[in-house]
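So, here come the structures, one by one.
The two complexes that follow have subunit A in common; it is paired with subunit B in the first and with subunit C in the second.
Showing the complex of A and B:
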């Protein structure tokens, strides 16, 4: 097993490098550094001198021969404003190799730099990850438990009207847009009937429950449709196996067969499903956080892309990739623990 | 199994109805809805914003929200007169209006002697010190050397020696080494005198300009002109943007990013009172009467004890919070407009019944389509044909219809570039192409030599050389519903005159790149005026500004000449004669006449803001250029509880039904297990 884990850990290095290279290429193909500077410096109002200075100060370029002369002239305190005013022609952009090195350096020591507004990215992540997890983690756990409950329910009533109704309800829930479900439940449960606050967040865990109750409920409702369908199929698939027939023939009771044998053997697909989803939970839920004013990381990625915020994007990509790779590794290890037939080599 | 057995047993003995009732009782008793926050007699202004402020560093605040937040904590040398009709300025940190030299190059400010910075740990003993004239010098120098600031354009090339000094400081800032020697050298250069900013004595400071800059006073009244203490900027360093320390009416207690900002009244704020309401206060349609301002006159500012700004990113949430009394005011958007307003000017009965007030007023924000004048099809190189396309397309755009269909009336058709209420606006002038006359547009295209085919209701305009239908590609920034609506309407307008108008939606940075490089035939554009001088709007078509703020790259020597003459007249100065003031107005119209010939823009509309306010909050006069009007706001805490106290009570019936459903499912599940057991 240890050989397997070491090999997988070593695989991670080229994968991580590849992902970072890909995001670098995509980011700087869409946004060249000059556009990033202009976006930051007030768009059309930014002057050429401002953009030039920004590019140099932020490590995208260095002064060329004419720029160095102007700089020396400026430092010496001589020269008219027109003579020392730098232009884009006075600088030389760094090569892609240098820019890529600037892009990745610091990541491995978790030094993510600052966002466009000057806040430390690690601070943003630290501040936002707790609210996101407080919303998503209970929602995820409840949704999985409820989905297992309903899947077992469907198995108990399989091939009856109840089973079919549940199936139709699941498909319906999958078909309705999450935004519609949020709008509907927020409007009625919070705004019309006043069972929950419309929005809000409290750092205090106990006081915060009232604010998180409705978004968690909606998270469960939104996830439930697909989860029930998935779990139902897995369980029904297991029910059709030979060992179940054998168990029945040996006189094992229906409940014992369902809860002891079928459920245990369904764990492998469930684990695969969970470990793939878990690493992304730290990013929270974009829609729920927006609609319930939860200060999490939900819309951080979208905002970073919109603002061409390179430091935030690279941090999120780095963390996401690392967590995903560790998640899949953990999944493989858990398979071996859940199923003695699986050997890790 | 013991638990299951226990459940089975209880199910046998208890009817599902009783279980349901127990569940309902539990459900309704733990209803999570909080009551309306009560603050006793503390007056709290509650408002919502759709984004987190980018910064509370006034020298970096380039957007409205950040500037508004800075306006709570900071002051400038001057401020806008609250009840002024003409965006008049008055002294704020200055003791009086500046003395201006006859050549309009020297501005001497005398600062007040009774201004203190807010108490903060950056000062010795945590006690805010008195404002000194060195703070003014430091603040302007700091602003000039912030490489990330989007605002240096307001001073660039304007103050003597400032640009050169700035280049010297920035040249050292870009040194890759941050060694103590470089740092020391940088500080030395920073401390060097700028000849354009000189301290005359303990209370007076002089700004020397490179050339007359009539907009100078407006420029330094922007957020960028805020006065900050050196101690705070140095103590907080990179965190200064989150720790404002100013002389303003409020002091930041907490900023939880993406959640809220809480501001408390600044206990050391200077003695300042709500101004006397002028006898002849001319209020535009949509504003309450003069009498509504009277109860506050003479009261100490700021009127409220606290300001709470919630970050609510979704408009629906903001709307719900307003309806339940958790926030005091709400801007109306397309979705909420029809719920709240009828006939454009009246509240619906539901809203009026809650005591809500509606106010509306035009904003100095124009939306327009700028044609790329360098483009071979629609620009100057195309000569008469290009002009015909631009003019015909303008004539095919029905401003009133667009405002009605897509903005729910929240706009004012633009008749010229200057918005109503701003100096230079002339209600007797009408931009020649800002009207709906598609037939005239078709005639113009025919006269220019295009082939216009009209079959039934379809019009197709073809280029006689290629025989192809004329096409125009508009570049838009961002992908929003509003921009998609606009693209659709442009396409619809173009179809009226046989031109196919397509739109390409790109990211903002790509949009800027296209403008800068002149890629694209037309750009979907807008402009929020920074200060109430027509120069701020007319500069958008000034030749030397091409490829930056002049997205059309329009360059007319006549227009440039008129612009230079117009922008050099200071209509706010007492020294300016009435004849010169009138001349400035005439020059604005004259510049429009040049545009009448060339039509570089398809001008559309000025924004119109609709605001709902709960009865417990007073009305404030709109001033889009002032960011410090929170001190004039008052929220009556008792009236709020009286009115909104009952708006948040839970409704039991739906909860009972829902609980019954849940219980039924559980009972069915358990029953099945029982049967199988």
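Showing the complex of A and C:
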């Protein structure tokens, strides 16, 4: 077992390196640093000195000999304004190797830099995790339980009208755009009929339920269709196995077969499915948090995209990737643990 | 490409035939969209039949139920005028109404259908063009080539897809976005969604390269390129068809999401995503203008449903093992 886990962990190293390289290419090489600086500083109005300063402060470059001299002069307070004005010729741009190294170092020490408003990105992320999880974790659990219930129901009545109706209903549900579901449910359940508050969030656990009830409900509605379909296929595959036929031939009742034998064996793919899905929950639901003004990571992501807040996006991509990789690792390990037929190599 | 057996299986299921018909009708509508009208034509002003003035127009059949721009119910006179004018051509100029900018919703939706086909086809074709050679090379040649390709696509698949899309769209230089508009988004979606198909193709090539027919071809001195493309590829082409139908829907839905978080899609494009994104404000105003949002949602729903049912049936008919 341990050899298997060690091998899987070692296998993650080249992948992690690849991810770092890929994100480095996306974030640092596609755009020329100078144009990034100009966009950040407000377009064409940005002066050369401002751009130069920005490049140094944000770690793209360092002052060359002439730049250092100007800085010393500025600190001493004796230089004339145009003597101490730094120019692009006063700095030395870092090579890709140095930039990449600094990028990786920053990520692994959770030093993601500052956002556009000057706050530490790691702080903002910490604040956002709890609201996101409070929205999505209950939703995820409810959706999974409901999906298992309906899937077992469909399997119990397989090849009948009940099964077909459930299947059609789940495909119908999957085909409605989640954006539209959110818009209409919020409009009617909150704005028109006032069953729920329109939006908001409260740190208090009990009082917060009021605000989180409707988004959680919508989360369940949006994810239920595909989950039922997935679970139904898993259970039906299990029903087709030889041991089920043997059990039935031996006289095991339909219900006992389904709920004892088939359900327990279906748990293996279910658990793997959950473990792989769990890391995605940290993002909350991008759209739901936006609509219901929940200050979680999903809302943060959308705001970061709107403000082109690169440091925040970088941090989210990195954390999301690492969590996803550990999720798949855990999925593989649990799968191997739960199913003795899988050879551990 | 489509085996005869699969064809007969598909034809027997009436729902599948209906879905295929829906897809064909949608495709035809998408092609003739420019003939239907100009989506930016402005219809603001007085309603010719009821003589009511308001910036928007409700769908024809709902005019009698809707109020005036201030939310007051229609007078009996206006209702009578509506009833008499119902059969005239003027009443049916805007069958699905017009939005706040006075744009004809039906024309917008049909142009959105055209964009949806553009999005679905370009992204999936691009993904297929990338996935097939890469997956084939990995599976067929094996060894170091395989290791490198598997490393590369595992890396790509390790970044959660939405975050990858956001990251890439975020860093695309502004001048490219200005020049290419919608296409830059299509390219980005295409180059980030090929991994699933590449994995399937690789696995199939691993199996097929040891089959007798491939060994025979190699013994006869057929070149690698010819074996890959002329001998093995036709045997795994069903994967490509299945990926196409199922990838189509997810790309169209992805556009709605991206429009909504307003990244990448220019707001001037008449896509369903933009209609739905705009619908949020139109819905919450009073009196509420719900028809543009509803029309886009319903069309999107019908197209998604037809493609999913057809795609699932196609998959079950061609390769039942692929279900999970």
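The rule we apply is simple: the second predicted complex is superposed on the first by the 305 of 345 C-alpha atoms of A that agree within 3 Å, B and C clash if a C-alpha of one lies under 4 Å from a C-alpha of the other, contacts with A are read in each partner's own complex, and residues count from 1 in each chain.
We adopt the following convention: a contact is a pair of C-beta atoms (placed from the backbone, for glycine too) under 8 Å apart; a residue touches a chain by one contact, two chains touch by 3 or more.
If you're wondering where the values come from, they're calculated on a predicted model, not measured in any experiment.
After superposition onto subunit A, partners subunit B and subunit C are found to clash with each other. Shared-chain residue A:242: touches no atom of subunit B or subunit C. Judged by the touch definition given at the top, the superposed model places A:204 against neither subunit B nor subunit C. In the superposition on chain A, contact is made by A:157 with subunit B only, not with subunit C. Touching more residues of subunit A than its counterpart among subunit B and subunit C is B. When the two structures are aligned on the shared chain, A:30 is found in touch with subunit B and with subunit C.
Once chain A of one complex is fitted onto chain A of the other, the partner contacts of A:46 are limited to subunit B, with no touch recorded for subunit C. In the superposition on chain A, contact of A:313 is made with subunit C only, not with subunit B. Within the superposed three-chain model, A:183 lies in touch with subunit B and with subunit C [touch as defined at top]. When both complexes are overlaid on chain A, the residue A:191 reaches subunit B and subunit C alike.
When the two complexes are overlaid on their common chain A, residue A:149 makes contact with subunit B while staying clear of subunit C. Stretch 475-483 of subunit B is the one among 475-483, 547-555 or 619-627 that clashes with subunit C after the shared chain A is superposed. When the two complexes are superposed on chain A, the residues of subunit A that touch both subunit B and subunit C are 30-31, 35, 39, 183, 187, 191, 290, 306, 308. Looking at the complex, you find that subunit A touches subunit B at residues 30-32, 34-36, 38-47, 49-50, 53-54, 56-58, 63, 70-71, 74-75, 77, 79-81, 84-86, 114, 117-119, 124, 127-128, 149, 153, 156-157, 162, 183, 186-188, 190-201, 209-211, 213-214, 253-255, 290-293, 295-296, 299, 306, 308. Residues 14-15, 18-19, 21-23, 26-27, 30-31, 35, 39, 171-172, 174-180, 183, 187, 191, 230, 233-234, 237, 269, 279-280, 283, 286-287, 290, 301-302, 305-306, 308, 310, 313-314, 316-317, 320-321, 324-325 of subunit A are the ones that touch subunit C when the two sit in their complex. The residues of subunit C lying in touch with subunit A in their complex are 151-152, 154-156, 158-160, 162-164, 166-168, 170-174, 249, 253, 256-257, 260-263, 276-277, 279-280, 283-284, 288, 293, 297, 300-301, 304-305, 308-309, 312, 323-324. Contact residues on subunit B toward subunit A in their complex (touch as defined above): 27, 31-34, 54-55, 62, 147-153, 156-157, 161, 163-164, 167-168, 170-174, 189, 192, 238, 241-242, 256-259, 310-314, 316-317, 320-321, 323-324, 326, 507-510, 512-513, 515-516, 548-549, 551, 648-651, 654-655, 665, 668-669, 672-673, 676-677.
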